[in-house]
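Here the structure comes first, spelled out in structure tokens, and everything after it is commentary.
Going in written order, the chains are labelled A, B, C, D, E and F, and every chain counts its residues from 1.
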Amino acid sequence: MRPSKRKPDELRRVSIERAVSKHAEGSCLIKFGDTHVLCTASLEERLPQWLKGQGRGWVTAEYAMLPRATHERTRREVTSGHPSGRTQEIQRLVGRALRAVVDLTKLGERQITVDCDVIQADGGTRTASITGAWVALHDCIQWMKMRDMVKENVLRDHVAAVSCGLYKGEPVLDLDYAEDSNADADANFVMTGTGGIVEIQGTAETTPFSEERFTDLMQLAKKGIGELVQLQKLTVA
Amino acid sequence: MRPSKRKPDELRRVSIERAVSKHAEGSCLIKFGDTHVLCTASLEERLPQWLKGQGRGWVTAEYAMLPRATHERTRREVTSGHPSGRTQEIQRLVGRALRAVVDLTKLGERQITVDCDVIQADGGTRTASITGAWVALHDCIQWMKMRDMVKENVLRDHVAAVSCGLYKGEPVLDLDYAEDSNADADANFVMTGTGGIVEIQGTAETTPFSEERFTDLMQLAKKGIGELVQLQKLTVA
Amino acid sequence: MRPSKRKPDELRRVSIERAVSKHAEGSCLIKFGDTHVLCTASLEERLPQWLKGQGRGWVTAEYAMLPRATHERTRREVTSGHPSGRTQEIQRLVGRALRAVVDLTKLGERQITVDCDVIQADGGTRTASITGAWVALHDCIQWMKMRDMVKENVLRDHVAAVSCGLYKGEPVLDLDYAEDSNADADANFVMTGTGGIVEIQGTAETTPFSEERFTDLMQLAKKGIGELVQLQKLTVA
Amino acid sequence: MRPSKRKPDELRRVSIERAVSKHAEGSCLIKFGDTHVLCTASLEERLPQWLKGQGRGWVTAEYAMLPRATHERTRREVTSGHPSGRTQEIQRLVGRALRAVVDLTKLGERQITVDCDVIQADGGTRTASITGAWVALHDCIQWMKMRDMVKENVLRDHVAAVSCGLYKGEPVLDLDYAEDSNADADANFVMTGTGGIVEIQGTAETTPFSEERFTDLMQLAKKGIGELVQLQKLTVA
Amino acid sequence: MRPSKRKPDELRRVSIERAVSKHAEGSCLIKFGDTHVLCTASLEERLPQWLKGQGRGWVTAEYAMLPRATHERTRREVTSGHPSGRTQEIQRLVGRALRAVVDLTKLGERQITVDCDVIQADGGTRTASITGAWVALHDCIQWMKMRDMVKENVLRDHVAAVSCGLYKGEPVLDLDYAEDSNADADANFVMTGTGGIVEIQGTAETTPFSEERFTDLMQLAKKGIGELVQLQKLTVA
Amino acid sequence: MRPSKRKPDELRRVSIERAVSKHAEGSCLIKFGDTHVLCTASLEERLPQWLKGQGRGWVTAEYAMLPRATHERTRREVTSGHPSGRTQEIQRLVGRALRAVVDLTKLGERQITVDCDVIQADGGTRTASITGAWVALHDCIQWMKMRDMVKENVLRDHVAAVSCGLYKGEPVLDLDYAEDSNADADANFVMTGTGGIVEIQGTAETTPFSEERFTDLMQLAKKGIGELVQLQKLTVA
């Protein structure tokens, strides 16, 4: 049995609150149970040097945790002078996930930066970040549409993410911290609203796992991401 | 007339919500109008090297702004490798303010770090930080008392802060961003519940000001801080 | 047809030359076609601070590219002051892969660092690094056995890695640079000698891909890794 | 009684030696007793990026201490990779103080950087820096006038600074190190030649102080700054 | 007697293998006994900011050691955030040595960077680097000539380097690590093919040495460099 | 003719003022014409980690230039986060020069750091630094002798340094900036009071030079260093 008493294929309670920032062009506070992430999308009329003059835009993401988002206080990364490997991995992942569903040429020569700041962490911060980032990005693009800055179809599809893992030998959906820190294996799946795979990252924590087990995890992920996309649709409707 | 239509000696609407963090020993979300700061107090059974073995504890503070707390997105400080001068000034100020009302010898050889993370900024983030940090610190010390880790009188007094300034020539209390960015002078006052002065930082932005004007600002500050301390009392009652 | 004229399920010519370093306890130069990686394993009688006194050892990896390993010269990372996100991702991946097949408690309180330095790059540097790192690690552990520092079964299995991808819509094995830079999707697989999955990292570069396509990639990977493990066995026999 | 036997309202012996640098456009060596600061003003025909094209110039300051300016040797800040919070606070303060008396539009699109390097420290380095920096700045502007680069009235007023504090309960002027390290409170005042307030920074070191005490400190400061401005006038006459 | 049984005026076995890199415009692997350095020359159509628009090019060098090039593993310099003093000294030396024999005005507004990466170290890495760097540079310039990018006489002469030292009181040529770590004095000489002196760096390790001894070292160096230049000529013939 | 009208073998006017620092155990201000260097020796009862427990001490040096020591203002090195290659070369050179004349075992487990801060630069800052550093070191050791911390013969000899160069084809002694920036070659010599060679660093700036020319430079250096040692003797007599 899972520590949270959830069924193996049950997500935590997920909620998305839109327009939580006075300043950002798009924003939401997404909660996967006790994991809370503030996502803000910022539009800037400038591009990184290497992208200038190519007639297309860019979408990127940054990720950070507040020091006491975690059980023990974590040192701020500014103190060590650069983002940790983990932070960089996550923000690169979020950026790739968002770009997979954006038509960058229709965006024009502009950059949208989605900041995912973890206010409170209880496992699954990267999957909550991706799922919330899509909402902030959606609202930012709506903001641009209302000002005739872009036309239709900049955002081609939904994208959402969930983790699955082997906990006490059983495949379970959406690991919280108590499960994640004791899982035998864990995998993050990023998929689109139409079921396409964008990213898969699976890792055996203790012992290698079989192809069959991996297939089980993917089936759970498809179910979970389907539900998350459904919630995104309700949220922005 | 002030952009917010407030009277010269009127604070913004201030609210303090306690226990907003699942993990921290003490926490609050303080709002001075549209300025929102999350304050968490973290207890650690360790001390900086230079303080070890002296039979007393330490209280320190860290301060940061989320990138899109501001009107335009601000670059994360981790990107430039170290906290800006402004950030360091503010976190040193918050730390000094808190230590002025703590009996460090009664704390034992432990450190409390109060993190002040600005979720949304509209002027006065440092004064909101100090006022909220006191509540987080108070609750952390309560947490320790309930576990018999400390006795009475660790926290000797309240401490709160407010800014005042000369806006269109008139002394006004608690500047918001619209006022702050156009003020002729601005001053931050940190005072205790019993009216003692802990810190004064006054700066002429455009033209030097007279001693009389400075006295006006101090009178406004005393009134405002009195109200903030009153709110702190109601909050932790 | 592939630029290299290889069949879809054909590896590049792979060679492993052992004992190429005068100083290292274990070393090899591995070549996946024009991708050449020097792997050295260094034994040190010390542990990272957080691991001390737990009665077990540690295996870690570092990764770097020489500046002119690439088609255009790449700036040295020391110039920007810290390893890039890509470098950190890869060295964390190599370390996890190796630890999946080592019994750390049997290693004793020691650390083995495997350095993977890319002398020349033509795609697949991370998979060549993992495959070669296993050989360097194996020889380092042999070196320890010959000095009675460890007993049997420190190294529990082989581990090797290969990339697969969708190139012009077709699943192909072991992408070189010409394929990698034009692939629709690419996935890195890390598996053990007994066929267990250690890591899967799949990314859609341009358009999301289906579950069926992903299964095709995994079948190619199993074939390729089987051949690489066979070569490792011949090499250390 | 003060350790230096000075009267409560007595400055240390202050001297200013002009034109001590062969290269700088303006320079002086200022001594407040055993506190010696070398101030050089450097004119550069360039501006920070954010100021370009606005038709006005900039005045900024940098501050540092030689490693053995202090009783114990202090580590060079270059060793830790960035200026400390204290250094940044001081150099921002000196810059603001100077800009308060300069008409930046009359300066043209140029930058003057005043470097304040503490050769020997005995308390009050920031107030000596401001007082000396004004002389270096004055001479740099004279240098420009002699070359017809600027017209009259670039420099609108004098600016000088002094510290005051509560030492053994008594308000005293211009604290040296022996007093500063034992003061109950200390405050730095920056004022113009015509008596306008530019900056006030007051801090309770041990116990909060009353408004009356603060007023005492301000009276001492006015007297001290009056004398320092008088010395500036004699120096540049 | 020398640990390697060489005669006092005998170089180690030196070999130079050209064109070892698939990507670089010029490259070689040079071996001075067990000291192996990979030298690659990279042509770039850009210049450092301070050189632009002067009608001439630039030749620069970078130097690094692989972590396990040495007997004990050395920490990567990227970990400490910047090149060590030793690394900077060496790369500045190699750059100066190469520029001494290049006609920069004939190079055009381009930069050639020669990277010297020590694969294995056994003393004399800087002298092997200079000697090999010349070959990589020569081949890069040949590459340019074949594409009519430069005319004749860009490369005016050979340049090569060797170390000499006092080992057990006797002057010896080309110190290996066993000698270098026990030498009383050591000196690096950089000379051209026509016998001109480009650089001399002599250091007394334990006790100061006499002018006569220094003259002995220089005679050895002239003989050794003559042989190295002879080998360069055979290599590029 | 030299720009300064000096004879080829004539030093600039050299002066050494002792005991210029209130805090340092030894100090001097040395002037080689318009090159002014403040040298302070600081005694610390601690050692670098790698030297502890070996029964001997350490002497090290640090070097820096004030920003406006130079004709154009130089950016502070703290701004770029680490000492430049040039700074590191010089401080390593000064440290080696001093250690060549100190009996480290007689020093005890202590460290003396000599800081050489260039107040004003006009060429030859490293040679002035070495020559002045010896005086500061001497006085620091005297300070220790007076407190019975060390016995006789800690300081075994004098050490001083001078530069020589080929200016308009002629060998000249002690180059100032005007000569140095136009020299064909320049060499720094560090020698002891008894004429032993400690360091030689010779560099051809434009064209390689002959062995005969180098011998000329060394003769000039011997003369100049003889005079500098004579001045050191008078200074500390």
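The criterion applied here is as follows: a residue touches a chain if its C-beta (ideal position, glycine included) is under 8 Å from a C-beta of that chain, and two chains touch if they have at least 3 such contacts.
Heads up on the chains, UniProt names are A, B, C, D, E, F = Ribonuclease PH.
Keep in mind that what you see is a predicted model, and the values were worked out from it rather than measured.
Visitor: Over the chains that touch one another, what is the least number of steps taking chain A (Ribonuclease PH) to chain D (Ribonuclease PH)?
Guide: Minimum number of steps from chain A (Ribonuclease PH) to chain D (Ribonuclease PH): 2.
Visitor: Suppose each chain is reduced to the average of its Cα coordinates; what separation in Å results between chain A (Ribonuclease PH) and chain E (Ribonuclease PH)?
Guide: Centres of chain A (Ribonuclease PH) and chain E (Ribonuclease PH) (C-alpha means) sit 51 Å apart.
Visitor: Suppose each chain is reduced to the average of its Cα coordinates; what separation in Å results between chain C (Ribonuclease PH) and chain E (Ribonuclease PH)?
Guide: 33
Visitor: So the centre of each chain is just the mean of its C-alpha atoms; given that, what is the distance between chain B (Ribonuclease PH) and chain E (Ribonuclease PH) in Å?
Guide: 59
Visitor: Which positions in chain E (Ribonuclease PH) touch two or more other chains at once?
Guide: Within chain E (Ribonuclease PH), the residues that touch at least two other chains are 81-83.
Visitor: Reading around the ring from chain A (Ribonuclease PH) and passing chain B (Ribonuclease PH) first, what chain order results?
Guide: Here the ring order, chain A (Ribonuclease PH) leading and chain B (Ribonuclease PH) following, is A, B, D, F, E, C.
Visitor: Show me the residue ranges of chain A (Ribonuclease PH) that touch chain B (Ribonuclease PH) in the complex, using the header's touch definition.
Guide: 21-24, 27, 34, 38, 40, 42, 44, 62, 64, 66-71, 73, 76-78, 81-83, 113, 115, 117, 119-120, 122
Visitor: Any idea which chain E (Ribonuclease PH) residues touch chain F (Ribonuclease PH) in the complex?
Guide: Residues 81-85, 88-89, 91-92, 96, 100, 157, 187, 191-192, 194-204, 207-211, 214, 218, 222.
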